[in-house]
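A, B, C, D and E label the chains in the order they appear, each numbered from 1.
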Amino acid sequence: EQRNFFKIGVITELSGDLVTGGNITKRGYDLWAQEVNAKGGIEIQGKKYPVKLVYADAQSNPAAGAAAAERLITQEKVDFILGPYSSGVTLAVAPVVDKYKIPMITGSAESPLIWKNKFKYTFGTIPPINFTGATSIKTLTELKPAPKTIAIIGSNDAFSKATAESYKAAAEKAKLKIVKFSIVPSGQDMTPLLSAVRSMKPDVIAFGGHDEEHVKFVKALKQIGYTPKALLMHCGITDKAFIDAVGKDGDQIFGTTCWTGTAKTKSKVLWPNAAAYAAASQKAFNNPGDYTQGGCSAAGIAFQTALQKIGAKPGMDEATRTKLIQALEQIDVQTFYGRVKFATSGEFYHANVGLDPLTIQIQGGHVKTVGPKASVEAAAIYPMKEWKSR
Amino acid sequence: MELLPQALTDGILLGGIYITIAIAFSLTYGVMHVIDFAVGEWIMFGAFTGYYLNKWTGLDPFLFLPVIFVLYFGVGYLIQPVIHRVLSGTKGNPFLMGLVFTFGLAIMFRGLALTAFGFYSNSIPSAFSEGSFDLEPLGLTVTIPTVRLVGLAYALAITLILHYLLKKTNFGLGVRALAQHKDAAGLMGVNSKRTGSYVYGIYVGISAMTGVLLGCILSIGAQMGNEYTIFAFFVVVLAGMGYLAGVPWAALLLGLVQSIFMIYFNPSHTLLAVFAILYIILLISPRGLFGKGV
Amino acid sequence: MKNRGATILAIIGAALLILPLVVHDTFVLRVLTEGVMWIGLAIAFDVIAGYTGYLNFGHGAFFGIGAYTIGILMMQANLPFWAALPAGGVAAAVVALIAGIPTLRLKGAYFAIATWALSRAIQQLALNVEFTGGPDGMRLEAFLNPQFFYYLMLITVGATFAILWYLLERAPFGLKLKAIREDEEGAKALGLNPTKLKMQSFILSALPTGILGGIYAYWITFIDPSSTLGDLVSDQAVVMVVFGGMGTLFGPALGAILIFAFKTIFWAYLSDFQLLYLIILGALIAISVIFIPNGLWGTMFKRKADATRPQHQPEPASEPAALSAVAAPEEGN
Amino acid sequence: MAEPILKVNSVTKCFGGLTAVDDVSFSVEKGEIVGLIGPNGAGKTTLFNVISGYYAPTKGSVVFQGNDISGKPPYHLAGVGIGRTFQVVKPFAGLTVLENVTIASFLKHPKKADAERHAWQVLEATGLADRANVSAAGLTLAGRKRLEISKALALEPSFLLLDEVVAGLNPTEADRTVELIMKLKAQGLTILIVEHIMRVIMNISDRLVVLNFGKKIAEGTPAEVSSDPHVVQAYFGEEAA
Amino acid sequence: MNLLDVNGISVNYGDIQALWNISFSVAKGQLVALIGANGAGKTTTLKSLCGLIPTASGTIHYDGKLVTGMPVHKVVDLGITLVPEGRQLFPKMTVEENLLVGAYLKRAHGKRAQTLKRIYEIFPRLEERRTQTAETLSGGEQQMVAIGRALMQDPQVIMFDEPSLGLAPIMVQEVFKVIQELHKQGLTIFLVEQNVHQTLKVADYCYVMENGRIVGQGTGKDLEADESIREAYLGF
């Protein structure tokens, strides 16, 4: 097909249970497209080709995701695909894109499972959670007085459970005493469990969950009146919505991420650094964006870079797409999001391993990087201030 | 064992939340014989109304409860005739029709809410969300969060008011008569349309107030309804459908099962236990815990 | 009328069979495959709901059980698909048998909610045991042949339709089920064993559902508790069946086609209005319940039946003849 | 004398604390019509329910054609030749009259076409044939009572339990039903009937069994029973029919 | 003076016309009966009189007021009530609650203690069974509750739909006694019965209905003497 623009399929969860994550993903892709087009498009051999995104809702359902991929590929004849928010949908989409040999980068799905399956045409800009989780635990163990005990709780969905398990592995390695490790059904009130945790007086409480569960978790801890020395959650807390929802109670919560709006990144592609990206996002969505959104924008950049490298024009044939895959495997680019480099073997096959995970903490309503040392913006506040005296 | 007092307390307080979700729902089922799939959505709308009122006025959401009740009473009052029409149809299976109708409403409401309120989770701040009572002085390691205690008090108050309304007032007599035999109630002078509208209005009003409470205790979001619909069903079936007096016990049982299970067993099996218990109780006593459901 | 119906059906069947030879668009084929699957799920659901009067909110569990059975047999026991597929149906039927013994004693809303609780319990179980992959779900080896799945789905659903049509509309079985639906106690006096009939109906509903779940798993290549064991199948089946018309086979099939077409068209071509879609779908369901409580099929064909049914006449002639006046003499007796 | 077709041996049926049927015994000979009478709440319907298998007796037994059938489920009893009607009529409201009867015909005619043919015959006999394709819900009370009888007859029973099939019918209708019952008797059916309308019960019954508060208080020919002072006091009232 | 004036009403059930241009009247204090074959339309007449089913045409005046098209709860508020076919009690409520629902109307609410006492005097059996739920009562007892419940409304006109249906002879006599008693006390009574013999004996005036039409009328005695009526409705 002859076109003077790149047609890009976006498969993500725009309805159903995962609508929040799906929409954050969409923002990331949108912002990238908007920025590219504002510059006139992707420059290939001196000519600029704008990008056009075509959406397909995966309805938080793998079957719909697979159908979406099939439609985008066979009907819309997209050049490549920006992938889903959730790992489940990604796992159903990946075989389809493999079959049609259409490259896909997901800016969000971070279950280790995807990469273990070694799908040839699927890439991801967010490092898998078992790759990032260890950093925060390490940061916490370096605080003074060093925490000795930890309780780890995870919600029973693929991502949250993996998060909890990565914290567990890291805690074991760091010789923290794990006083409790529990997986709970999604969406439940966790007060009784936290009452049990309270009686064990752990120094650290770590929680793997999703947006709404984060809010409930913080409120439940506060209601039973237990303030651990450190409360560690995950990336979701960097979203402005979470900070708004819990207000001052969000302060001093730790999180694991790979990127923040203040990350020290430098880039020649699109946004010069994280701050510029956050500003652009703030302008577009009234929200500085979190690392999922950033990862999605970075997915666009990865494609853009690879395309430029091989000089591929819109309406790619199969041979070009194969070349694009090879190019993606080889890229090593600094973006506003940090370094993007996909692993080409091992358990992280095609996941981005170029990033350095960060430990962050919410301080005065802002996200600050508190670890590892190289990236520190502010000293960690520790131990946490009692809920009561806030 | 040292955790037991706290486990029981948590369970009872959680039960209080379930009472608030289920009590009015049970009332409408008893009177109108409709399983309202949109119960969670009424809760969700109430929660967002409380959230925005709080945001705009800065006043404590508990102050708005009466306003929210009146507002949603009106909404329920106006919608009831439609539901009545569905349920009194002579064609098809009215029970099923009512269920599918409200199922449609629930989907629509969720769509409307996502459009209007967005997809983020939120929380409603209240003065009550702050403190808690410690029973340490009494020699018990028990903490009672104020807001949950308020929730329990609200649940009990609503239960008592509904009980009084039903059992002690002439209106209640009419409602009960209507629940059992529509034509005969009409013959006794009960205005079935208006009484039905009042009941549905009361139900929607109470559910909306419950939403505010849940927003203060837990969280709110456009998709929150589904989960509460499930628990409303659970409690009402366990209590015996339409058997109001069974609701507090069923709700407390549910709260306690969850709490005990989370504390003493593998928390990840909590819901498995909850659903298995519901299932088993229904098999043993097909009309709920007390065998008094309709 | 009967013959014309059969001819139309034969034409539709033939058209569906040769379709893949004409249509090479794999997306269209995929949509058709899924559409056919929903027809199968809706008619299977209707066996217990429409004919027998038991609303099974746990219908999705049979689907999920079929899917997981095939997933586990293929991926862990390394069985070939063809060996695993029947096991999916059998597993669903066995669960129906075990669950049916107690649940089918429940009535109305209690049955609906008990089955729903059971399906939730099964979902929680799948989340909590190892061999299902827990929340991560399970990936099957990919065999992405659109024609294969289209024909497999078509043949399965076609066979299901034919068997159900024979059993429910031709053989006494369907009428017996309807007797149970109308009045279980009264049916007993006529020599019907409600327990047995309900159980047969439940199993008849579960078996094809399990098989369809199995095909689905192999087709989509990925199953997990939240999607495969969730409420989607039950919820959607209820809507399709009620919209099309309960207690008929053609009604649910029609409902499945229309609802699925609506969803798909909205999804594929109006995806910018994703939330509007929820609003419209919800409103459509609510409104259809108000205006066509018998469902589309029921409304289209009941009208006709009403019109052709004999006029309601006064009592037969052997009754006392009309008294034209008080004094008019009367004959008979 | 031949073995009675039905023997009720000391049957007692309790509901919680309430004894609805209390140690009742009687038997029914082949080919006769036995009337079961007694005040409201005397336990007649309950006894019917025990005989037809809806309740298992708390004590005692029911013997039908020499076999103990106590506690056997109703569908089994339908199979051995016991047909019954319900006091509160139970039409399958969503089905047509013909379908209603066809369902009963399946018992002896497992093929659908045969069953339908048989159902037609029954409907002709009971005078409902012209309503065959009407929805059962649209029948008048008289029609519904006749449908009850038709369904029971479609089972081709040897023994028929009729619970107030005349009640609510106007005299002409009642006479038609009586005629039908007599015709059935002539065909060799044995019938146990409950009815409050004296005009009917006194005329068709060969014998009467009288219940009061669950107990049998009298048994005999209509003439004997109607002159029994206990029965008069408990049932007929001063102005005995 | 006529308390109830029915003028040319017709009623349809869907496509089926059940009543054809019915007219009759009931004078204050009278006991008027309506007899007719099954399916003649008697129940339909009663239901349309109290607003339970809509009329297609014609008018109904009660005490000079037009009640056609009024909802049932308003009609009964005017002082006319129905003891329905099949009793239609509130099954899960106790006997006393059933009676108290009768006094739901404002008009009756004030005197309810007093009326209740009177009803217990008429039916001592009901007082014995005050706390029993209605569904566990025997047929005769249920009929008493239904009548008592209607009386609790303090009505001027009571309409009975086959009150003796399914009752033992002794109870039938009881019910007729009560009806006559109420009549004596000055209540206006409109009675639908299959027990034609007794009905004609107690009725002041009687209408005969067939196939949805009024086909005859006269005093009880006249009709009883009438050959055709005897044959059609008294049997034998």
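As a working rule, contacts are C-beta pairs under 8 Å (C-beta built on N, C-alpha and C of every residue); 3 or more make two chains touch, one makes a residue touch a chain.
Source: prediction; values computed, not measured.
In summary, the chains found to touch both chain A and chain D are C. The greatest centre-to-centre gap from chain B, using C-alpha centroids, is found for D.
Each chain's centre was taken as the mean of its CA atoms, and the one lying most distant from chain C is E. In whole angstrom, the spacing between the mean C-alpha positions of chain A and chain C is 40.
A separation of 31 Å divides the Cα centre of chain B from that of chain C.
Separation between the centroids of chain C and chain E, computed from CA atoms only, is 48 Å.
Residue positions of chain D touching 2 or more other chains, listed in rising order: 138, 140, 142, 172-173, 175.
Contacts with at least two other chains are made by residues 15, 17, 156, 185 of chain A.
Counting partner chains per residue, chain E shows two or more touched chains at residues 16, 37-39, 232. Listed in rising order, the residues of chain B touching chain C in the complex are 29, 35, 82, 85-86, 89, 91-93, 95-97, 99-101, 103-112, 114-115, 230, 233-234, 237, 241, 268-269, 271-272, 275-276, 278-279, 282-283, 286-287, 293. Per the touch definition, chain C reaches chain A in the complex via residues 25-27, 30-31, 34, 124, 127-128, 134-137, 139, 142, 144, 216, 220-224, 226-227, 232, 267-268, 271-272, 274-275, 277-278. Chain A contributes residues 15, 17, 19-20, 23, 156, 182-185, 187-193, 195-196, 199, 211-212, 214-216, 219, 222-225, 239, 241-242, 244-247, 388 to its touches with chain B in the complex. Taken in their complex, chain B has these residues touching chain A: 2-3, 6-7, 10-11, 13-14, 17, 114, 119-123, 125, 129-132, 134, 141, 143, 145, 147-148, 217-219, 221, 223-224, 227, 258-260, 262-263, 266-268, 270-272. Residues of chain B touching chain E in their complex: 170, 173-174, 176-177, 180-181, 183-193, 294.
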